[in-house]
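Have a look at the structure that comes next, please.
Labels A, B, C and D are assigned to the chains in the order they are written; within every chain, residues are numbered from 1.
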Amino acid sequence: MEAASNKELRAIFVSRHVENRDYISLGTNLPIPTAGVLLAHLTHAPDLYLNVLNFFTNLSHVQRFEDLTQIANPAMAKYAENFMSMEEQFYAISRMDLSFASGLQVDMYGNQNLFGIGTDPANMKMRGPGPVGTSTVMATVKKYFIFINEHSPRSLVKKCDQVSAIGWGEGGPDGRAKYGFPGGGPQYVITPRAIFDFDEESKRMRLKYLLPPSTLEEIIENTGFSPVIPEKVEDMPPPTAEELQVLRTRVDTRGILRD
Amino acid sequence: MEAASNKELRAIFVSRHVENRDYISLGTNLPIPTAGVLLAHLTHAPDLYLNVLNFFTNLSHVQRFEDLTQIANPAMAKYAENFMSMEEQFYAISRMDLSFASGLQVDMYGNQNLFGIGTDPANMKMRGPGPVGTSTVMATVKKYFIFINEHSPRSLVKKCDQVSAIGWGEGGPDGRAKYGFPGGGPQYVITPRAIFDFDEESKRMRLKYLLPPSTLEEIIENTGFSPVIPEKVEDMPPPTAEELQVLRTRVDTRGILRD
Amino acid sequence: MVSERHSVVISMEEAVSMVKDGDILGIGGFVTTNKPMALLRSIMKEGKKDLALVAGTSSIEVDMMIALGLVREVTSSYVGAEALAPILPFYSRRAGRTFQVRDIDQGTFITMLRAQILRLPFLPSWGPVGTTMPALNPLIKPVADPFGGPPLMAVPPLAPDVTLIHAAQADIYGNVQHLGAVYCDPMLARAAKKVIVQVERLVSNEEIRKNPGATTLACKFVDAVVVLPYGAHPTASQNYYSIDAAHISSYVKAAREFFADSKEPLEEYLNKYIKQPESHIDYLESVGLKNILGLSLEGGL
Amino acid sequence: MVSERHSVVISMEEAVSMVKDGDILGIGGFVTTNKPMALLRSIMKEGKKDLALVAGTSSIEVDMMIALGLVREVTSSYVGAEALAPILPFYSRRAGRTFQVRDIDQGTFITMLRAQILRLPFLPSWGPVGTTMPALNPLIKPVADPFGGPPLMAVPPLAPDVTLIHAAQADIYGNVQHLGAVYCDPMLARAAKKVIVQVERLVSNEEIRKNPGATTLACKFVDAVVVLPYGAHPTASQNYYSIDAAHISSYVKAAREFFADSKEPLEEYLNKYIKQPESHIDYLESVGLKNILGLSLEGGL
């Protein structure tokens, strides 16, 4: 079988961190984490509870997904087991196991900025679309992964111009505890070049896996701060035949992760 | 036509204070106000919005009510236009125009006690059933009427042993304003012997109408405080033929208000 | 490779074993409708004790558990049976003596559940303002309005260890449909650590998906389903049967006599309906099929 | 003697006259689904101005109104069109310049609506804690936890003068059924002083009562109903049609060009779809029946 693409590796990484019975919200416009969650669903997590738009559903009986980019579509209503109002969705977050965040900027402690670029509130250089629900969700969800499509000094910054959702705050082991947040905070930052976790003490981003074809030098060059670099950077354990097969034949049937 | 009974008069008083398009919750176990509201509904208020148990309904198309005591019955589901969860019912109170309160004790400012008899929280003489929703509802509903089935010094007291819902607090024109309550407070106290409103300045209960066969002396004797007695106590304007006819032939078809 | 989606349908015995002595027990339904009576009877039969009952609007189920000495605390806005019994004997006479009351009104009760659901350490409520509720319930504290208005009253979160709910139907995965009013059940479920739902009947997942808007508890909020037809008896079950007023009155009469002339009628009631039946079916037989099938939903109005 | 129950069905003209210059305007729906576009187009055509838009998750409707210079303030957690346009030109470039942004996230937005619905002067929210939201939005203030935990952030109530909603069906009395997800619509309606709902079709009261559990806005929360089939176009209408992605993209393209080479494409778009059509039917004709009937809900997944 053809080797896994960079995007496929990221989806498989997500899949391996999904547990059976998890409750997960599939965001719109995030095909890689969506593929990862669905791969888990069709392999080891048949009891997933999925929140797609305002539909509450389980898709373990779906044989193949025809278009991964269209999962967040009102046509999903046909699989719905429940409709949830926006209020009910927020009521459900305390039971949510995993969520995905993103940002125009993400800083070394996993804080995110979707408000805009510029430090002067009255005169920003560029306004982002806004945080949607992330400020509240990232404060309260059990755990979350940060997903960014661009790994550059512009997106991975020392300090965000604005902060729309807190990761580990100003760092340190009590980075979140001092706010009293009920949620567990960000566990991983997934970029096209690498996967990071957070150092237990400093709560700074720490390189976990390089993603091909990136090199350590490229990571250092393209990150706007100094991430923690462990003495030995392990490789991500390779995809199994089952993972690749289910991903390609049932989840990503159009091959959008192989582009 | 037979003259109106005491209970019928009370129902008709309520009916006259119901306006078209009002939103009103019909409590359980309160047949007189229920009859009053339904009488208004079938005469001058076809657009009433009624909340009965957790059903939201309009009953203007009902030709006759077979059993007034059974209005708050799950069988009402057949007339429901909407189900409301308990949470939605509380969300709706800010749009509610009229509600009915009651109490083991009611004091001279219309404060109510459904907690129990006895001033020592740790050792009450008798525990009441509890306030149900009244503490919150009476703080926020646009206006409300207090309805008690017994007019005695035991039920109409100078000071309640416990207070489960606020009427005019400690009295005075800012009796409610100092708490910041959004609701308009109690307008009338309706007993088997009389109807009271509240003095504009002192916010003390003021005799408005005597209900036959009571006399002024009986009122004074049976009230645990000195209500405001105006120089001239008016009679309640008598029922119209239409009011009595609709009440007897369509609303109270079993004649429970004529016992 | 693909394992199947799991069923959460369990037996009564398994359900009861999910409740421990000392638990905070959430009870769904509304006064004398949709009470999870079958589950509660098994809990009473097993003698689970030191229970803190969280039942916004409650009735004989709470009174009976007090009568059996199983209760350490009650959080409720109402304990009564309306026209059948405005005041219930054991609740009214033993409150503050054999158990603590957390006095609350329904609006404030919902606020405590909402605080738990949103994992907020407090929420303000109008309910207690100006009343003696804070003196009766030390959980309630004043909170300043940061926008300069008068202070409000705040309540902390309330999290049942196990919430018991009665509903019309569910699928094997735990998607529940009430087919009528839901009362506080969704909030009691969302606030709880574990949720057990007893249902009149089991339906297919396809049946649930035909009308997803009718799903009142999504399976994520349901840990276990127990199939217990007529399980709300003697309270009403929406869309299924009305209250058994005669049965409820027989309990109330026996409980009143306990405090007057004789303790025997209550003992007889509890023996016949709680202690002796070996199963829910046994209980229904002791009530009698004729009584049960006579509880039509027609009439009224 | 008995007058009849009244209809709340009104014309587009009557509906638009309920909106005044300066109003706080609540807009229902979710990003590019169930937006009350037909009502908004009439408001834009009439040139109602100084509007404060309250739209939790919004899209081109907000961007267009900014382009037309009608907006003084936006309260929203998201203005974008997802894959079609992650960022919308007028919102992104004119924020803080021609209008104020009340920065908020969706959880905090709901909290503001809930405060209004419950008539509470404030409610605490996790959303702004630790973030720069309070610096961006001066309505947000810290509030002490009366139970001793770290401070939270509080928001005041938010009350739209008029809320506009798009839904599947209603009866003439204003009982509304979405036949699908409701998004923030029930909260936006409950918090508003007036509510106007545009529907795909009118149904009988009997049809509503066949499934009261499907009623998403009870008539008490609806002041007016306007029958506007295909009224959500070019956004999707649940149960009726999908988004018109090509149409949305044509707006986005024109708006982007406005800030690049040419102001003409935008002027053409606004003329053709907002200014010239004399009625909703006129608008649909300018879009073309073939385009409209091609927006099937099938496919996907």
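Structural remarks
Criterion: contacts are C-beta pairs under 8 Å (C-beta built on N, C-alpha and C of every residue); 3 or more make two chains touch, one makes a residue touch a chain.
It should be emphasised that the depicted structure is a prediction, and the values quoted were computed from it without experimental measurement.
Minimum number of contact steps separating chain A from chain B: 2. The chain with its C-alpha centre at the largest distance from the centre of chain A is B. When the interfaces B-C and B-D are ranked by C-beta pairs in contact, the top one is B-C. The distance from the centre of chain B to the centre of chain C, with each centre set as the mean of the Cα atoms, comes to 29 Å. Between the CA-based centres of chain A and chain C the separation comes to 39 Å, rounded to the whole angstrom. For chain D, the set of residues that touch two or more other chains comprises 118-119, 121, 126, 145, 149, 152, 180, 213. The set of chain B residues that touch two or more partner chains comprises 55, 77, 79, 83-84, 90, 140, 180, 182. If you check each pair of chains against the touch rule, the ones that pass are A-C, A-D, B-C, B-D, C-D. Residue ranges on chain D touching chain C, taken from their complex, read 118-124, 126, 141-147, 149, 152, 154, 156, 179-180, 213-214. Every residue of chain B that touches chain C in the complex is listed here, in rising order: 28-29, 53-55, 62, 65-67, 69-71, 73-77, 79, 83-87, 90, 93, 115-116, 121-124, 126-137, 139-140, 162-166, 169, 178-182. Within the complex formed with chain A, the chain D residues making contact are 30-31, 33, 56-57, 76-80, 82-83, 86-88, 91-93, 95-96, 101, 103-108, 110, 114, 125-133, 135-136, 145, 149-150, 152, 180-184, 186-187, 236, 238-239, 242, 297-301. Remark: chain B residues 20, 23, 42-44, 46-47, 49, 55-56, 58, 60-61, 77-84, 90-92, 94-95, 140, 180, 182-183, 242, 246 touch chain D in the complex. Contacts from chain C toward chain A in the complex involve residues 1-6, 117-119, 121, 173, 175, 190, 205, 208-209, 212-213, 215, 218-221.
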